[in-house]
Structure formats: C-alpha cells, structure tokens
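Chains here go by letter, A, B, C and D, matching the order in which they are written, and residues are numbered from 1 within each.
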Amino acid sequence: MKEKRFTLKIMDVIYENEKTITFIFKHKIKSGPGQFIMLSDLENGEKPFSISSCDGSSFGVTMKIVGEFTGKLSALKPGDMVSIRGPYGSTFTIPEGKRCLITGGGCGVPPLFFLAGRLIERNNTVTAVTGFKTGSEAMCVNEFEKTGIRPVIMTDDGSLGARGTVLDAMRDILKKERPDMIYAAGPEIMLKKVMDASDGIPCEILVERYMKCAIGICGQCAMDPIGLRVCVEGPVLNKRAVGLLSEFGAYRRDASGAKEFFCGATH
Amino acid sequence: MSKKLMIDFLGYTLASPLVLPAGIMGISSGSLARAANCGAGLLTTKSLSLKPRKGHNNPVTACFEGGMINAMGLCNPGIKEGLEEVRDFKKRIESPVIASVFGTSPEEFYELASYVNKSKADFIELNLSCPNVLDEFGVPLSASKDSVYKIVKSVKSVSERPVIAKLSPNVLSIKEIAMAAQNAGADALSMINSLGPGMLIDIKLKRPVLANKFGGVSGPCLKPVAQKLIYEASSCVKIPIIGMGGVISGKDVIEIKMAGATLAGIGAGVFYRGIEIFKKVNREIVKFLNEAGYENIGEVKRIK
Amino acid sequence: MSKKLMIDFLGYTLASPLVLPAGIMGISSGSLARAANCGAGLLTTKSLSLKPRKGHNNPVTACFEGGMINAMGLCNPGIKEGLEEVRDFKKRIESPVIASVFGTSPEEFYELASYVNKSKADFIELNLSCPNVLDEFGVPLSASKDSVYKIVKSVKSVSERPVIAKLSPNVLSIKEIAMAAQNAGADALSMINSLGPGMLIDIKLKRPVLANKFGGVSGPCLKPVAQKLIYEASSCVKIPIIGMGGVISGKDVIEIKMAGATLAGIGAGVFYRGIEIFKKVNREIVKFLNEAGYENIGEVKRIK
Amino acid sequence: MKEKRFTLKIMDVIYENEKTITFIFKHKIKSGPGQFIMLSDLENGEKPFSISSCDGSSFGVTMKIVGEFTGKLSALKPGDMVSIRGPYGSTFTIPEGKRCLITGGGCGVPPLFFLAGRLIERNNTVTAVTGFKTGSEAMCVNEFEKTGIRPVIMTDDGSLGARGTVLDAMRDILKKERPDMIYAAGPEIMLKKVMDASDGIPCEILVERYMKCAIGICGQCAMDPIGLRVCVEGPVLNKRAVGLLSEFGAYRRDASGAKEFFCGATH
C-alpha cells in the first residue's frame, strides 16, 4: 500500500471573503463529503483541509486565513503548485429522500456545502443554517444558493442574516419541523450543543484534531478513552461514537500531545 | 486469544508476542488501550523526555516503495503527562506497559528513570537514537558503545523496573553495542529503531517532502536489515530481544523470532494493514503454528 | 537518443546520464554492449580483483517487499580477463567504460590501477565496500576515512585514468568519507553501494535464504537512504557524483539529481523493469524535461 | 514485482535409473516446456532444473546425480521440503498439426518429455530420438510411451536401443521424412551438430549456462557477443538467436565468469 500523494497546480483561487479563499484543482479524486486532504507547499507546513467541492474532473478546498501557514498559502496564485495527500477519513452518510438539517459554523461550512450537493443528488430536502462572527466572514453563501438551497444565515452581530447563533436558528427549526438527520461542522463547543439539542434525531458531526501523519500511525489525533483516530475513523462521527468519547467537548491535544482544555469545558 | 500465543518475558506472561512499539499511536491512554484490545501483548508509550516537545513541523511522514520515512521529532507532552496516560490506562487494562524515555546524557536518563519508578509502567525502555547528540568523538550516542554503556549503567543504578535498551541500526558493529548494553545490566534489547535516515524530494516543487528534510525509514523494506542485526546481536547476548522492523504478517513474526527475537513489534504495519493488524497477525501466527506442528509460539526458536 | 539527454562528465560527453553500475550484467563484453545499446551512457565492469574469485555459493539473491538482497561474493574472472572484455567491447562500441576494481589494501588497489592504465577502460572505480576487511580499529575499510584516503591516494599516485571512489552507505558520517576521498584526489564519487547487509529466513526450512546468510540490500527501498547520503555528500564536495540506489524510473533520475548526483546508476531496476529499463527511463526523462520546461538534463540541479 | 519463491514439500520421488531421480510437487505453476526452476535445500546450494512435467495441480523436475549438490539432493525423501524459485526463461514454441522431431541427449531428455505432451495436445505428430551413454542411464522411456510416443533410443555402447548417437538416428529420419520443426536438448556439442544437420528446418534448442541469480541481473549466464541472458531470453533459443552467438559451441563461463572452452571447440 502506498499513500496517495500528488503535486498539483492550483487552477483557480476564489476569494470567498477577506479571510477565506478556495483553491480549485483540476484533478479527479474519489472522495465523499467530510473527507479531508493534507495540503502543503513543502516550505511552511502541512495542514488538514476538508474537501469543499468535488466533481468528475476537479475538487476544491476552502480555507480560513488564521495563522502563519494559511497566511503564506493565501499568497499563492493560479499556476502555483502544492503537494496534496489524501483524501483521508470518514464521510457523511447520504440517505435518500429524507429531510436533512445542515448546521455549520465558521470554517465548518465548506465541507457542508459539498455535503449539501450530494444530499440533493439523492432527493433529500435540505435545510441549511450557517453562522459566522460577522457578515464579512460569511462564506459559501452563493455556492449554497447555486445548489438551490437558501441557507439561514446567523451572525453574532447581526451584520448579515439574523443576529444570534446557529443554535438559536436550529432550535427554531426543530420547533417547526422534525428532520430525519442532522449534520454539523464547526467549533467543537457548537458541535456539542447541536448534539445536545438534537433530541433523539440521528446526528453526524465533523470533529477537528491536530493532525500529523493523517495515516493513523502517530496517535496525534486520537480521542480518549477509546483511542479513536480522527484521521481514520473520523473526522465524521455519529452520535454513538461521540457518546464514547469523554474527551469530546472537553479537551484536545496540542502538537506535543499535551491536553488543551476548551474554555468553558469542565475538567 | 489463543493460549498458543502466550509467552513469558522478563517474569511477565504476555497474551501475545506482539508489541506496540514506541511512537506508534502511543500518545494517549486510549490509544494504548485500543492496541491492547486489538491484540498487542505489550504496549510502549511514545518516547518521553523531561520537557514537552512539539516535534518537527509537518509534513512529518512520507511513503515510498516498501516503506515510509518519518521525522516526528520526538514530540511528546513530557514525562509527567506521559506517565499520567499510563496511570489512566492501568485503571482499565492489565496489560504490561513499557515507558519509553529519551534524554541527551546519562544524567537525564537517570532522572527519567526516577519518574518511571514512581509510575504504573512495568518496564523502562531507553530510546538511544536521539538524533544530533554526539559523543566526544563526534559519534552519535546510539553508535558509541561507551555512551550506551554509560546510559544503561546510570539507569540501572536507579531503576526499579527492568531496563530495555532500544538500539539503532545505524551502527558499525551491532555486536559491540548489544554487548555494551548487556554488560551494563540491560534486561532486554529492543531493536531496531528506524534506519537511515532517508530523504524524499518532490521534483515538481523542488523541495524535500519532509519539513525536516530527513526522516527515519520504517516498514517492510526494513525487514532484512532488522533480521540481520537481531541475528548478530542474539549470537552474543543472553538477554531477550524485542524484534521490530518491517513486521506486518504472522510469517514475519516467525521469521524475526527465528532471527533471534523473543517478541515482535509492529509499527509501520499499523498503516499497511490498519489497527486491526494485531488481531490479524495473531490469527496468522496460530495458523502457522498449527500447520507447522508447534505447540505454542515459545517453541519457535532462533536458527543456527 | 535525444540531445536533451547528453551530459558532460569528467571531460566526456555521455549520450545519457544513465549508468550501468558495477556487478550488474557486466561480466562479458556482450553484456556491456547490450546495456549500451539499450541506452546506458556509461558502463561499469563487474568489480575485478587481482585473482579470479568464484564468489559465494548459490543462492546468491533473494527478493523482498521493495528490494532484493544479494551476496554474489565479488565473483570475477580476475583483472586480466576482465579487462580483455573491455577490449572486446571497445572493438565494437565507443561508449566510455569504468573498470571497477577492489582489493584489500592500498597496495593491491595500486597494482589493480596499473593494470587499468594498460587497458581500454576510460575510468577506474574503487569498490571500497569489500566485506570483512577491517582497519586497525576494527572498522570496515569503507567506513574509515583514513583507509579511504590512503587507498584513493595510492591509486591517484599511479592511475592515468580519472578515479571514482564508490562509497558504502554503512558509515557513521558520509561527509567525512566523501571529503577524505576528495582530499585524496578522487575525480568523482559513486554512491551508494548496497546497504546493510540484510538477512532473510525460510521459516519452513528454518534456514537463511542466502548461502552466505547475509546479503547487501538493493532496489527501490534504498532510494531515500541513497538520496539523503548523496544530498549530504554533495553539500561538502565539489567533485561530481554518480548516484544510485533504487532508481527505476525517469522521475527517480530527476530526484537523485536534485539530491546532488550528476549521473544515475540503475542496478536492481534491471530486474524490476527488464534490460530495456535504460530505454524506458531515457524516454521518461525526456518526457519530464519537456513537461517541466527544462532544455536538457544538465539543467536539473541539486536543490538547496 | 517480486520473485516467485516458495517452499514446497516433495510429494513423491521417482527413481528413473541409478543416477536419475524425479521430484514431484503438488503445487500449481504456470509453465511452458523449456522453462526451469532454481531448486535449493538452502544448505548445499541452488541449481537450475528444467520442468519435466506440469499439469493443473502438480509439476516435476528430473535430475541426474552428477556432483555434490545433486548428490545431497538424492537423499531427500517424500515429505522433505525444498525451496523453489521460478519458473524462469523462455519456452519451446508449440505449433498445431505439424510434424515435429524431438532429439534429446542425457539430462536434456526430461524437458523434452514435457514438450512432447504439449505437442501432442495440439495435434502434432511427434517423432522422438533420445540418446544415452549406456542403457542404465536411459530415462523417461516409460513416460514417453505413456504419451503414445515410442522414442528411438540410441546408446553409445548399444546396450539399449540401437548403437550410435542421436545424430545418427536423426540423419536417418531426415532421409525418410522432412519434419516441420526440430527440437533439441542435451550437451552443447550435440546441439550444435543438430543445428548443423537441420538443413533449413526451423529448430529450437535448450542451452545451459552456469546460473546464479536467474533473474537477469548478475550477467553470469550471458552469451556473447550480444549478451543474451540464458535465464531470461533463454534457455530455449531458435536458429536466428543461435546464429548471433559466436560463443555457442565454443565456450561457456565458470562461476568466476572465466571462459571454459568446450573440448574440441576451436578458439
């Protein structure tokens, strides 16, 4: 077995907003929504990014410019090359003819856009809620609309869509309709709240952990107490799996393997 | 698990001869537990140092024909946090655990051993392949019989746990090093650590693939080198050997035991055949034992 | 062959950067001719000694995941007969030829070089990895910078041909060895020779697979180690390097050149892709050069 | 690519004559007549032997006990194991509905027996001539008869069949009939004579050279001036190939690679 690594030319760079860009690659990969790749310029690091679009001949990843690495990447132009490994990890389940609720916060939104497309292909009806700190950080709004879905947009400051959180919108929706399936991606505290609010409805979430090898060998991304490897058995987890993870919503590990507790989490 | 797999090692009876080696999965108590549940008989923590280390930048791994290179850079949360994971593990599972440690001097190793004394770990393993630590003649620590002797001796003077010396393949005479470890009182050897290191280059980006440029070689392609070194070491020491390097099947376990190992570690194999590799290999061992007419794994001995 | 493949090496213009390394096919003039016709730009004879040697008993080769081990035992018909093959080759083909030689002392190497002076060979290559020849400190000849220096110096004092030192990967500091060779006057380096050695065991017969038990490792799995050593050596010497170790594709040639080699040898690849490998790889190189926008192979340089 | 090596139990040992034994292995290999395996006990050496029989579930090799290695092998009993690599090399061409003449001397005979079976399967008519020093060294006589072919047997001393050489018999046959194809295996001097006598008829011979790697890499078995590797492009050669080999009938190389001239050959 060999790892799937390839060096690809960036075909197109889409500027989603001031702090978010999408790279498009003209390369066919076999991937399902929720899976991620490891992307590197072989100069400034290598980090995981969810696949945000994928068709027969190309795929894309959408990244928020947060730190040093993504800062460097944001200078790349069409024609520049990057090294890519993957896709890795588990995928969201795609049912048929069901009512699906998608909830995404911040950089959790891009993989959900890929998911929404696949859900619609299989005749599911999709309701989407996306939340951002502020309107200028919103992403994938147009993309969602292209698939025929008009996402409910929430911002903390009310500068776009309604003021409030994804959770506020979700509780409203659950009062009116009962979806067959809930999907969520975003900050872990939000994921925990979505799970808690899901009220018996099947639920799949996309968790993030610090990644190194991404091939299940180094243990960096393992979640306790069962040693679930987010790079192999994750990043998409269902309720049952999450139920086994006392670590979920409590802490994660930094690059040294030391625990970092989430603010607000009790330990 | 089958009784045929049970094997004695330094006073312990292990449920399987398979070992989770240092640096594979072993960051958290949960990972160790998972490897145990999958069928490993003995578990090793990530190599722990006095201070936490973030390790090298990504990319830290890359695959090639027959193996992989890695430059994790000995990332670890430090000996204190690392041993807490052992404690959490022991709350749930009885399997013996090796605490792997590394330092840059006999004194550091001594201090690390004192921590292990106070922990729930059953063994201490000395990772002697710390890169960039040279002795007075510019020889890497792991390749100098004097350094190996001094470190093992220092740890033996304090350790209340059996001491396993993990040897590097990058030496001129493995016999010398193995004997130095034994003479200093090591209770067992673990061999081999990753080889090389090696380097892979992305010819389109014109850059080394690993951020650290170089990374140690693991995986199936290591097997012949590992077996040769184990065969040589076992010709001159009496202490048992945990053999590793390219073991990915039941037949590999038999082969490395015939080379002179008592137990067999599986590292890169976790990538090649998944975490269930321990279960699969245990099954393959039993199948081989049955077909070849052995009563149990202990009967498989070093060849001449 | 394409002009893009032409490359300068020690005053010669080769038709291709591909080299048939020592010990691969090179017993007879016919074999050398065949490799040349298949597209190798530079051909090396089997390593020749003063006296004929039958080599080790069969089995002498065995394959494993990603590579092979071999213990030919340096069989050769002796320097006199060996150089007659070069003469016969030169009657028909113009390509330059390296006479590979090995001895056990600077004096023997000196004598071998005198024979090469009188032959049609264009270069002399010193195979320094003669097994079981230890220096006064018990270090193998190939791993001792003093031995390497003395041998190269001795050969340079007599040789009328450019001298290529072939280095072993089984050393503690390749930089030291490479510099010793350069300081003694070597005109080029050839690296790497086979690694290890390694050992494979037949678990049913309970016997080592090779009659010699141990055999040097070649093949794709060698690539990362070869490249790392070439990268290191080329950081400190100015003389050109014939790179080899796991090269089996055009991309591998580019990669090993980016590691610091000028030319690329293909050994085990002859098994993996047939004797036509030289043709195939030449074609793959040209394809890569075109796609990546290089004018010719000489433009592919060592990375930083 | 990996080499095909397996460790097999000897199913049966057949004593062909005082100095010739056949090992039968219950193992399916894909092989054509003329191909050989490398056989070793991993204790006393490893040498090439032609496959002398091969069906869907088993195969055999027939060896003359000549030296130290074959001497040791002759002590092996059913149930003992040996290590086998292969099959290697080229195969005899199998035409359809032709008249074929098979000529074999000494240990050249076993692969021809395998060949005869395959020729008959394809509706060829087969005439076989086998030659031995003396009657007690004859082999495969019964085996040939089982395939319905009655071989012409020649012995140097006339102790079995007719007195004379394979060449004598062959010349007689050529006077009476003109085969479409001639096959030969045996001592090189005999092969050369068969070729010379073949008179424009297509001819394939099985040559032997000292073998080490058997995988085309060491050069030990190469024939000059074209560097033809007997382990890969041989051991079965046609007239055209042999025509290019000035070495054929003149010399071969010993284990060191030094030339050994055939007695009687001019050099």
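By our rule, contacts are C-beta pairs under 8 Å (C-beta built on N, C-alpha and C of every residue); 3 or more make two chains touch, one makes a residue touch a chain.
Chains and their UniProt names: A, D = FAD-binding FR-type domain-containing protein.
Predicted model only: the values in this text are computed from it and were never measured.
Looking at chain B and chain C, no chain is in contact with each of them.
Centroids built from CA atoms put chain D at 67 Å from chain A.
The centroid of the Cα atoms in chain A and the matching centroid in chain C are 51 Å apart. Rounded to whole angstrom units, the spacing between the C-alpha centres of chain C and chain D is 36.
Residue positions 64-65, 204, 207-208 of chain C each touch two or more of the other chains. Residue positions of chain D touching 2 or more other chains: none.
Contact topology of the protein chains: linear, an open path with no closing contact. Pairwise, the chains that make contact are A-B, B-C, C-D.
For chain B in complex with chain A, the residues that touch the partner chain are 23-35, 46, 52-55, 57-65, 68, 70, 72, 75-78, 81-82, 88, 92, 202, 204-205, 207-209, 211, 267-268, 270-272, 274-275. Taken in their complex, chain D has these residues touching chain C: 1-3, 5, 7, 38, 40-43, 45-47, 81-83, 211-220, 222-229, 232, 247, 253-259. Remark: chain C residues 64-67, 69, 138-140, 143, 170-173, 195-201, 203-204, 206-208, 213-215, 217, 219-221, 223-225, 227-228, 231, 246, 251, 254-255, 258-259, 288, 292, 303 touch chain B in the complex.
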